[in-house]
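Several structures are given next for inspection.
What follows is a pair of complexes built around chain A, which joins chain B in one and chain C in the other.
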Partner chain A sequence: MTAAQRADGARRRAASGTDREWGTRDLSVRFGKRTALDHVTLRAAPGQIGAVVGGDGAGKSTLLGCLAGAVAASQGEVQRPPAARVGYLPSGSGVYPDLTVAENLAFRASVYGVSSAVAGQRVTGLLERTGLASARQRLAGQLSGGMRKKLGVVAAMVHEPELLVLDEPTTGVDPVSRADVWWLIIIAASEGAAVIVSTSYLDEAERTASVLVLSHGRQLAAGTPAEIMAGVPGALRAIRGRPQEDEQPRAWLRAGQWRVWDPPGACAPGPARGGAGRDGGSVIQPDLDDAVTVAELGSELRPADRVEGAGPGLAGGAR
Partner chain B sequence: MTEVLAECVNATRRFGSFTAVDQVSMKIEAGEIVGLLGANGAGKTTLIRMLLGLLPVSEGEVRLFGRPPSRQTRHEIGYVPQGLGIYADLTVAENLQFSRGVYGGPRQDYDAPAALRPFASAVVRDLPLGLQRRAAFAEALAHRPKLLILDEPTSGMDPLARARLWETVQRTTDEGAAVLITTHYMEESQECGRLIVMAQGQVVAAGSAAEIVGQARVIVVQSDSWVSAFRALDAAGLPVALVGTTLRVPQASRADVANALAGLPCRLTEAPATLEERFFELVRAREPAR
Partner chain C sequence: MLGMIVKEFRQLRRDRRTLALMIVMPAVLLIVLGYAASFDVSSISAVVSGPQAATAAAALHPPFHAVDVAPGQDAAWAHSQLRDGKAVAAFVTGARPQVLVDGSQLFAARAAVTALSSLGHSGGAGASASAPLAGAAPQILFNPELKTSYIMIPGLAGLVLVFIGTIITALGVVRERETGTLEQLAVMPIRPRDVFLGKVVPYFVVAAVDLGIVLTIGVSVFGVPFNGSVAVYALGALLFLFATLGTGVVISSVSQNQGQATQLALMTVLPQVLLSGLIFPLGSIAVGVRWISYVFPLTYFTEISRGVMLRDEPISGLWLPFACLAGIGFAMLVLATLRFRAYLQPAEGHKRRRAPAPEEATALAGAGERK
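This part shows the complex of A and B:
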């Protein structure tokens, strides 16, 4: 596909007057007694990539499923384009293992009413650039994990959706295939789609326009990566040696060095809280990984805040 | 002198006409955390299987604790595969008991992590993934191995859980064991003292993250419309990544980038490459062209 054709797509969308924001507002989802999502607000802006981050059981798949229309909301609002204008890759591979690569894509195109000529042209470029072109006649079930994910992303964007929802497109995918997946994601955003990607890799989230941090069904932080990093409450110290006993619950190891979070109002040890203290270590600027760790620590240290029974939940919390 | 726990000298493994591991030489010393990086098919798993003694070398040599790999050397290794390698239909306690039996005799001094104790009689498949992972770790560490091999241990974990796992890994090396770990998460390889990068069966770089990145730089492109700049760079066949609203172009000169942008109003600066960007440069140099 040429740049001119992509520009056409963006113009078509703009002309149809659908260049609007999608997302959820105060969304809650309950499965029986279990609250999977608790008042979550997510924005998806056209031409932008947004990330939803969190570990296993945080509620990412429920949120993305709701946004894509695959999971029903218990409460709150979901704004999404008509189903035919949504592209969705569920957290599995999102492709039919007993169809070939070409059959998967042809089927998807026909479901979305894209003519085979248009789809063929669009798909050829995407497959060639992501190393899938020579696999057209292979069964999807026989592809490597990385190739299957790439196919899933291509299949989800075959109809140039206005809203593209990708649930963990890079989890377990090797770094080279990950780069290909991200190229596809950038292409979709450059065509004007609002893209929402869930991931547990914070370096990926750090490159996006907006990030929502989920843990145990709750929204711990939201904003641009810079806003989230700037919004870390209290102070963060890098210390030499091991943390003291009272610091241990709010300390973690990063690149071989311990970091200690002092919540607002906490009394940091050492002579100079604002600068470097010989005993207390030095105060550092948090990056996104630190910011999310602090957000999780904060919710772990305030168990009363937790949604009862949200998700399996023990992945992050147990010690 | 530090004890060498594992060593490969020109280790090669062929499957028919395919060479999965090609003349790999490396050492792992006591107390080290070594990260093994590479794309799928780079040869990481084959190398690990040779170290575990599951695959013989076709050529060259693998030595563990100064001896060729055998059932005896396997006793000194703890291994957590990607699929965790614990029995889903046994309880946590049964899994630990089984592995104690396999590794020869009880080690009463091993203390199962407190977080696992309440779940000792739970069937593994009923536990959340985080606890299953802890059980797999407890099992791999129970016989106090000298060498711990972890295949993608943190996939899907949140940063706090990941940091807690690294604490366990660090504690293991503090006690003198060595750890060989594969990860797809480049940021995380900063946790490793030393990295080995593999591509097409060969070691293409080794050293600390800083040593591997070296002087590699990228061109950073800022413009009012990242979309136009992206299209121009992409059409020129340059590898380009989007970070917020700026673009990063590795493996290209300022002139290449300026040419591709063909007069679009953009600001070009240079920045040090990240480990991931350097990794692609190393790996793509070995790849057949697409």
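This part shows the complex of A and C:
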């Protein structure tokens, strides 16, 4: 994949007049009585990578499935290009385990109407860069999990989609393969595609242009990583000892050190609050990991726990 | 160990299909088989023709009973009646009396031969020596040696198609769901109809090849005659395949994994094998259970297969099984397509899939999708 080819792809998109934003607006999805998504708005801008983060059951896969067209919306709007211009990697690899790498890509190209010559030219570079070139004739089912994910991403990109939706493309993938997957994602964005990636790795999300934080189907925060970090309400402290009992619902362990979130209105930490063997800790600047944790804590804590009240909450919960 | 037992019971309780297979199926099979599993033929339908038809018909003794008495008809008519499956035996009166028996209905034919023999002469149909049929030896048509293979192989051809059509197709489609690729197909620019056909056509071809192999072996190795029209047979097989492939797709659409699909497919295949007339004669199945036979496509295909292969039965004589097969095939195909469409068009509220240009983007009512 050369810079010229990428520029060519971006030019084609611009020429077709389809450099427009995709996404969802006030999207709700219900499965029976269960609400999987509740008024979620997501933007996907051409040439940019957006991340959807959240814990298990947050609604990430539902949101991405809805954006790609695999899941029906119950309410709200979904804006996406026609199916022929959407690339989608479901939470699995989305490839046929009993077809070879080459056969999987040939099938995908044929479905999207890409000639074998064009598809071959396009995927050769991608496969070589991601270490899949030597596995062309291997069955996808015989590939490692990481290689299968990479194949899934390459397959989703074969037709140069305008909107590329990747559901946890790096989950269960080794660090080297993660780097390969991100190289593919960046290539797609540089070609002008609007890329939406769901991930559990917040260090990955921190490198994207925009982040949407989901929890239990609700949108907790959205914006650039910097905006989300700057928007953390109250203060964040790093303390050496264990948090006090009333702080425990708002505390979590990270890299061997406790962090305590003091919501706006909470009593300022100080010596008066410190017990034996503890101090009030030092106020730190939250990174995206902290910001997401605070967002989730803020949504989970009972009103009484948000300030002075004590309660079971997340006592002792290591994060 | 107790923990293991409790765990198994809990899993079993939630796996309702396996539970149904283990508890309900034996009971159902026992009841059905109890009424269906009979080779005994107590009533043999007969037509009587020729100038003394009325006299001969009046002289008939059980198990024979006349379904048509035609004094104005001759031996050719009687032959055609047997060919078209209207009766098992035909009694032709006149200068050259004849007793004809349809050997393609094996058990009924055997019962007929036995009954004729027990009536004291080789050609009497229960008539006395002075009766119009005196001296007529029974002549067995279509399967003169009353070979079992002659009736089993045409039926087995249908069974092969059921296995491929229902079980293999169900597994092939549900595999897409298991690997997550059906979700991928749902967002691809392919119409559900094309996905459906793309999935089904290969199985159709394989089933057709298998059918050819079964028939070739049946004819060349087992010496089963193929007396009828290949085109009529092929049309019957085509309609039958629609029904079985459609059933397979419907089963796959309500199964989450290959285990469930196999269970469900077996639940539909096993009763077909037992109640289609493939093994037990339809006439021997109790009336209360026999109606189930007429729900299954294999019943009609077996009738068509035996009729065409053994009796050279034209399509005009087989219009009823053809019509029933076409009805079942159409219904299953429509159901299968709707189920497929429901799965593959989640984002469009089951509306017809198309690829609108971006400028066509408008908010959809209800789901409020914009494309």
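Just so it is clear, the second predicted complex is superposed on the first by the 293 of 319 C-alpha atoms of A that agree within 3 Å, B and C clash if a C-alpha of one lies under 4 Å from a C-alpha of the other, contacts with A are read in each partner's own complex, and residues count from 1 in each chain.
Please note the rule applied: contacts are C-beta pairs under 8 Å (C-beta built on N, C-alpha and C of every residue); 3 or more make two chains touch, one makes a residue touch a chain.
Bear in mind the structure is a predicted one, so any value in this text is a computation, not a measurement.
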TODO: Pick one for A:233: touches chain B only (first), chain C only (second), both, or neither.
DONE: neither
Open item on the list: According to the stated criteria, A:93 is in contact with first (chain B), second (chain C), both, or neither; which is it?
Closed with: second
- [ ] May I ask you to decide whether A:75 touches chain B, chain C, both, or neither, giving the answer as first, second, both or neither?
- [x] second
- [ ] Go through the superposed model and pick first if A:253 touches only chain B, second if only chain C, both, or neither.
- [x] first
Task: When both partners are placed on the shared chain, which of chain B and chain C touches more of chain A - done: B
- [ ] In the complex, go through chain A and note every residue touching chain C.
- [x] 17-18, 20, 65-66, 68-84, 86, 88, 90-97, 111-113
TODO: Please name which positions on chain A make contact with chain B in the complex.
DONE: 2-3, 6-7, 10, 47, 49, 53-58, 128-129, 131, 144-146, 168, 171-179, 182, 186-187, 189-190, 200-203, 206-209, 215, 224-225, 252-256, 289, 292-293, 296-297, 300, 311-316, 318-319
Open item on the list: Touching residues of chain C toward chain A in the complex: what are they?
Closed with: 179-181, 183-184, 186-190, 346-349, 353, 355-358, 361, 363, 367-371
Open item on the list: Which residues of chain B touch chain A once you look at their complex with the stated criterion?
Closed with: 37-41, 82, 114-115, 127-131, 133-134, 152, 155-161, 163-164, 166-167, 170, 184-187, 190-191, 193, 226-227, 230-232, 234-235, 239, 241-245, 276, 279-280, 283-284, 287, 290
